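Each of the next two complexes has chain A plus one more chain, namely chain B in the first and chain C in the second.
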Partner chain A sequence: MTQIGEVALWVAFILALWGGVLAFAGGRRGRGTWVLSAERSVYAVFGLLIVSSGAIIAAFVRNEYGYKYVAGYSNRELSLFYKITGLWAGQTGSLVFWALLLALFSSIVVWQNRRKNREFMPYVSGTLLVVLAFFMGVVLFASNPFQLMDFTPADGRGLNPQLQNYWMTIHPPTLYLGFTAFTVPFAFAVAALISGRLDTRWITTTRRWTLLAWFFLTNGIIFGMMWAYVELGWGGYWFWDPVENASLLPWLTGTAFLHSVMIQEKRGMLKMWNVLLILGTFLLSIFATFLTRSGLIESVHSFAQNLTISWIFLGFLSFLVIVSAALVWWRRDAFEPENRLESAVSREGAFLLNNLVFIAAMLTVLWGTMFPLISEGITGTKITVGPPFFNRVNIPLGLLLLGLLGIGPVIAWRKATGRNLVRNFTTPVGVALAVGAVLWLSGVRHTYALLTFVLGAFTMTTIVVEFWKGTRSRARIEGEGLPVAFVHLMQRNRRRHGGYVVHAGFVVMFMGFAGAAYDTEEQMSLRPGEQMKIASPFGHTYTLTYQAMSAYPATNMTKVIASVNVAKDGRPAGVLTAEKRSYRQREEVASEVGIRRAWNEDLYLILAGIDDINGVVQGTNPRPIVTFKVLVQPLVPWIWVGGLIMAIGTLVALWPGAEPARPAAVKPKLRVEKMVDADAELVEA
Partner chain B sequence: MDVIETVRRARAERMNSPLENREVRLRGRVRRAGILLVVLAAIVTASASAAAQVSPAQAQETADEAIGRLRSPFCPGLMLEVCPTTTAEALRDSVRGMAAQGQGVKQIVEGVLARHGEEWRAVPKRSGAGLLAWLVLPFVLLGGSVVVWTRVRAMRGQGQVYAVGGAGVTDEERARLDAALREFDRVEDEA
Partner chain C sequence: MKKQSRFMAGALVLVGVVGYLAVTGMKDSMMYYYTPDELATKVAADPSVRDLGAKMGGRVVPGSVQYDARTLDLRFTIVDIASGRTTFPVAHNGPLPDTFEEGRDVVVEGRLAADGTFQATTVLTKCGSRYEAVEEDFRA
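What follows is the complex of A and B.
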């Protein structure tokens, strides 16, 4: 059965190559049957990759340890859930999984466009098939999951303990979904370049794909942060690790693209810039994959390190860069803007600044990530760059973005008048100053934290005022109740109002980040019955009483658990446990932290050390001295809530529905929704 | 008794002579200056000792900052502050010890790097090759701003605002847009 998977992979690879050649040739020569054949090969490749991936999962479930990949990432005691997720636990399987997701998206794109965008589709199908062929080629020639060992071991090596976590099972697939979904707008951009149709059609066609890719990439990054927070056991969620940075790079350019396409849609400007942004986003996705798997830069992610694969990825990346640059150069005369920028004080100006900040952030993260290699190449000495560097250069940029979030959506298109500025910004500026004053008087002196709250208040107020104005106007003119008017307003222009919700989530998330300025930490060794105290920046005092230590065998591991009674300001506040897990098969120990969550802060308990762990496991020492590290992390829950709000906002924007009415449809008697959206919508021609 | 009386008189005579008086006063001044010097030396020594004995809070702050500028030689990719190994804990203790002795952040960081290697520095120096790391952000922001500014000026200099291609706004649409915006403003003002 498993061998069928390898055969399917080979057939899929040959079909993808064949389909890719047919698609481009059919497009250039106008041979519809060739293009149709190429499109059918996309479906076939998807079907074959399902068989191939199914075979790998079956090998995991059936404990076929003769396969090197299965033996390396599973063992008999591993739960079924983790055996299934073994498909993407290692490098080899994850490449097959990547190809499977891309084939799924490719099939959907081909099916969606079977009767439209026909001048794009040959090149779209061709591009998707070439990328698919590349991934399958890497799997077949450099990292084959169906590779058999010389002997069949009785058991496998088991899964890395840190990967045996719920968030880790969904973090990589979500990230891959984001990376692969960005291939679709990339393919349409290539098609637009080849066909010469560089108007807004390729952008409107891929609008939802871009949003979908951004949705998955954003959530993938947030899931990774959640995993780091609960699993790595040091109380952080973002570490500016090269692999984390690699996922952030395409997110930054993708977010810039989401904003700048609006200028092209509304004003017919920035055509070349948008093409460059989406090409860059896809290239950075490939770069991220290269960086993750090469091991060239030291990382906490000890994912596979395979130099052969690194060189293959680098070669493919170079090929893509050359082809993309050549296409843009070829069509350089077709990027003539349809309108001109009237004023820098306009929404276009705000979006340009927004793009500048995103690109600056991307380049600084890229530079910092690659700096050890660059410095070693130039000076012969590896100069490392750690989180303090990234924080210093990126926090000011983040604050600038936070302010722009409030300005961009409400400033007028074309040219903002003084009246427009006063009308839109008086209340938000007033609220922001009031919040700043209250926080200052409350003792908040950390500059970045204070700025974050002030700018966050400004942006949040602009969003609330926008919703309030729209809802109130609609309620008055249509005679609706406020809640109904609000729902109708959201339905009226989902993309715009979904975007506002995403911005609100971003503000909440940033406030969560700012809380880190007030983290507190204590470390103490305790005997059972002894206490330690830690103060919260919100004025509370937590008292932790070490109760007992227990050890027991569980599936795949032995758990050693310390129980701690928590009291907040003297009142009982539950029990926290922190664990050490000793994984039998891999002979590795991992920590599990205890977290007490409140709306405004987390109490984070780490089992830092046990003076006699063997005695605990053997039952000879039930009362060992234990070292606890305790942190109070203010506003961390806001990060996850902000992420949830962003996800909801993106879903609102993604949800299928009628597009906003265009000005041609405006009747002499203007309806209120058109008035509300007037400054954003009516410029469309 | 006569001998004693004679000595007393001789002393009294010496004391009364101007030369002898000056000598005595000089001796007294020298003695006082000596005492003052001893006191000053004691004060200086005490002050230096007090400077070396920084307060625990200051020492903790210095140690935290120094630890925050170091990557862990014992955990690949992790900062020293979060590396969970016992050797990392020992290094953190050593840093705290140096801070308690009155060493500054820079001194501690350089000391640790001298022992463990330059590659564990988390924040690049602002000199030499390390400066390159810091230059990219101002360079990108400045360069990007210049490019955007140049483009904006070029666009505005061309004077034509609308309708280069078919997607431009016609006069009729422009009038309708202005009317809509006026109506929008009116509704808002009323509200």
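What follows is the complex of A and C.
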């Protein structure tokens, strides 16, 4: 039965290759039927990949351990949920999953454009099919999930305990959704290059795809941080690990792209730059996959060093780089800008600076990540660079960005006048200085933390003022109540207002990062009944009393749980538990931390060591000595809240109907919108 | 045109600052990555290499692990994966990583003390479990 999946994959691979050739040939020679046939093969590939992925999932659910992939990532005791997610638990399956997602997006694109953008579509579907064929080719020739072993073990090896976590099951798919969705604007950029139509059409038509890709990529990265925070067990959420960096690279260029396209839409500038940014974003997402899969760079979560895969990826990457560069060179005369930069103090100037910051961050992260390879290539000795390098460069860049976030959206296009600057920035600067003064007086002396709050307050105020002005003028003109006016304001020009919300989330998240400057940590060995204390930077003290240790068996493991009573300044504040899980199938231990989450900080409890853990498991020693490590992590909850606000903002911008494309049917309403527009212009002018 | 050159000047300043930060950041966090064989050779040739600090990738020698769950003191012997010859005793204080076990490949970061013990500030285990050849595992 399961082999149907492999047959389907072969057919899909051949169809994708054939369809890809047909699409490009049909486009160049103007053969409509060829193009149509290629577009149909996109749907067929999607159908076949559903069959193939379904077969893999079925093999997991039916415990078919003759398959190497199933045996390696599952066992009989594993819950149904983790068996289904087995599709993307390992290298080979996740590549099939990747192709499935891409095929889904490709089908949607072909369907959306069945009657429009016809001059682009041959090259769009051609590009999508080539990328699809590549991923399926990797699976078939280098990493086949349908590979049978020459014997069938009675049970599988089970899933790595660290992956048996909710965030870990949704983190990879979310990231893949982001990477694959960026293929769509990439394909349109290629189509624009080949067809020579380099106006804004390819950008406006993929605007929502770009936002969707950004939405998934951003959330994928944040989910990964959440996973690291609860599962890696030392209170951190970002380690500048190569694999993390790899996912950050396309995010940085993608975010730059999201901003610079606005300059092209409004002012007809930066045409070549935008093409380069989207090409770069796609190339970097392929590069990220390559880096993750090849095991070329030492990483905590590297996959096995697989030379075949490395070479295939490297080959494809070189192919893409050469083709992209050749296309851009070929069309080099078609990028003539319609306007020029009139003043550095303008929205264009702010956006250009924003782009510069993102690119600088991307290049330094890339440099630091690749440095072990570069140094080994040149000097013969591997030299690694650690977090201090990444922090030294990226914290100042992040702070610069935080300030730009407040300036960019409100500064005037073309050339800001002194009056424009004074009117827009007096209040925010005042608020920022006040916040800085209050923090200074309450003893905050850490430079970066202080700067984060001051710049954050500045940016937050500009956003609030923007919303306030818009809401008030709308309420006045429409005669609406303020809440209604606010909702209507959000509905109009959603990209702009959604963008402000994303910026607000970004500010909140950065304040969460700044909390790390005030982390505190205590470590102590306790007998049952004994206490330890830890002070919070907010001034209060936690007292933790080690109550008891218990052991009990669960489905596929034995849990050893330490329970601790928490008191905050002497008042009871709940119970925290921290566990060690001993998995029966894999002879591995996994620690589970206990986290007490408050609005302003996390109390983070690590069960660092148990004296005589065997005695606890066997029930002979119920009162072991335990070593706890306790951290107070100020403002960490704000990181997740900021992420959530960013997600909501992106959804506001993404929601269908954002463009006011309706014809002028209702006249009075149009008049009002015009007046609100005029007001917005006034603010900008 | 003058406006554009002013913008370019600003951009150059930014690039310069980032470059300066990157170079100083590199100097502060650069660390040689050795195998036990390489570290032994380097130190034999020039004892001052000790003071630089390094990362070392090797394998935990079975039977060598001593861990005090109260003080969180960890001691084990690391051996060169390729040659299996050079060994170093490693000392570390901190919670035992979940995936740490005998025979596992680890990366330690720290410096080689005068008594020949590698004082590690961090011990990273490679998540080999996820990626080992499954078949070998079953045969064993």
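Simple rule for what comes next: the second predicted complex is superposed on the first by the 656 of 685 C-alpha atoms of A that agree within 3 Å, B and C clash if a C-alpha of one lies under 4 Å from a C-alpha of the other, contacts with A are read in each partner's own complex, and residues count from 1 in each chain.
To be clear about the criterion, a residue touches a chain if its C-beta (ideal position, glycine included) is under 8 Å from a C-beta of that chain, and two chains touch if they have at least 3 such contacts.
Bear in mind that the values here come from a model prediction, so they are computed numbers and not experimental data.
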**OP:** Have a look at chain B and chain C on chain A after the superposition and call it: clash or fit.
**Re:** clash
**OP:** Would you check which partner chain A:L605 touches, where first means chain B only, second means chain C only, and both and neither mean what they say?
**Re:** neither
Original post:
Regarding the shared-chain residue A:V566, is it in contact with chain B (first), chain C (second), both, or neither?
Top reply: neither
**OP:** Figure out whether A:R157 sits in contact with chain B (first) or chain C (second), or with both, or with neither.
**Re:** second
**OP:** Report for A:K68: first if it touches chain B alone, second if chain C alone, otherwise both or neither.
**Re:** second
**OP:** Would you sort A:P388 into first (chain B), second (chain C), both or neither based on which partner it touches?
**Re:** both
Original post:
Just chain B (first), just chain C (second), both, or neither: which does A:R423 touch?
Top reply: first
Original post:
Is A:L78 touching the first partner chain B, the second partner chain C, both, or neither of them?
Top reply: neither
Subject >> Partner chain in contact with A:R340 - chain B first, chain C second, else both or neither >> reply: both
Original post:
Is A:M549 touching the first partner chain B, the second partner chain C, both, or neither of them?
Top reply: neither
Subject >> 41-49, 95-103 or 113-121: stretch of chain B that collides with chain C >> reply: 113-121
Subject >> Intersection of the chain A residues that touch chain B with those that touch chain C >> reply: 233-234, 298, 300-302, 340-344, 349, 352-353, 356, 360, 364, 367, 371, 381-389, 392-393, 397, 591, 608-609
**OP:** Within their complex, state which residues of chain C touch chain A.
**Re:** 3-4, 6-7, 10-11, 14-15, 17-18, 21-22, 24-26, 28-34, 38, 55, 57, 67-72, 94-96, 98-99, 101, 107, 124, 126-127, 129-135, 137-138
Original post:
Can you list the chain B residues touching chain A in their complex?
Top reply: 68-69, 71, 75-79, 82, 84, 86, 118-124, 128-130, 132-134, 136-137, 140-141, 144-145, 148, 151-152, 155-156, 158, 160-170, 173, 176-177, 180-181, 183-184, 187-188, 191
**OP:** Within their complex, state which residues of chain A touch chain B.
**Re:** 199-200, 233-236, 239, 241-242, 268, 298-302, 336-344, 349, 352-353, 356, 359-360, 363-364, 367-368, 371, 374-375, 378-379, 381-389, 392-393, 397, 414, 423, 469, 472-473, 476-477, 591, 608-609, 663, 666, 670, 672, 674-676, 678-679, 682-683, 685
Original post:
Taking the complex as given, what residues does chain A use to touch chain C?
Top reply: 68, 71-72, 90-91, 149, 151, 153, 157, 160-163, 233-234, 295, 298, 300-304, 340-344, 349, 352-353, 356-357, 360, 364, 367, 371-372, 381-393, 396-397, 400, 523, 525, 586, 588-591, 606, 608-613, 625-627, 629
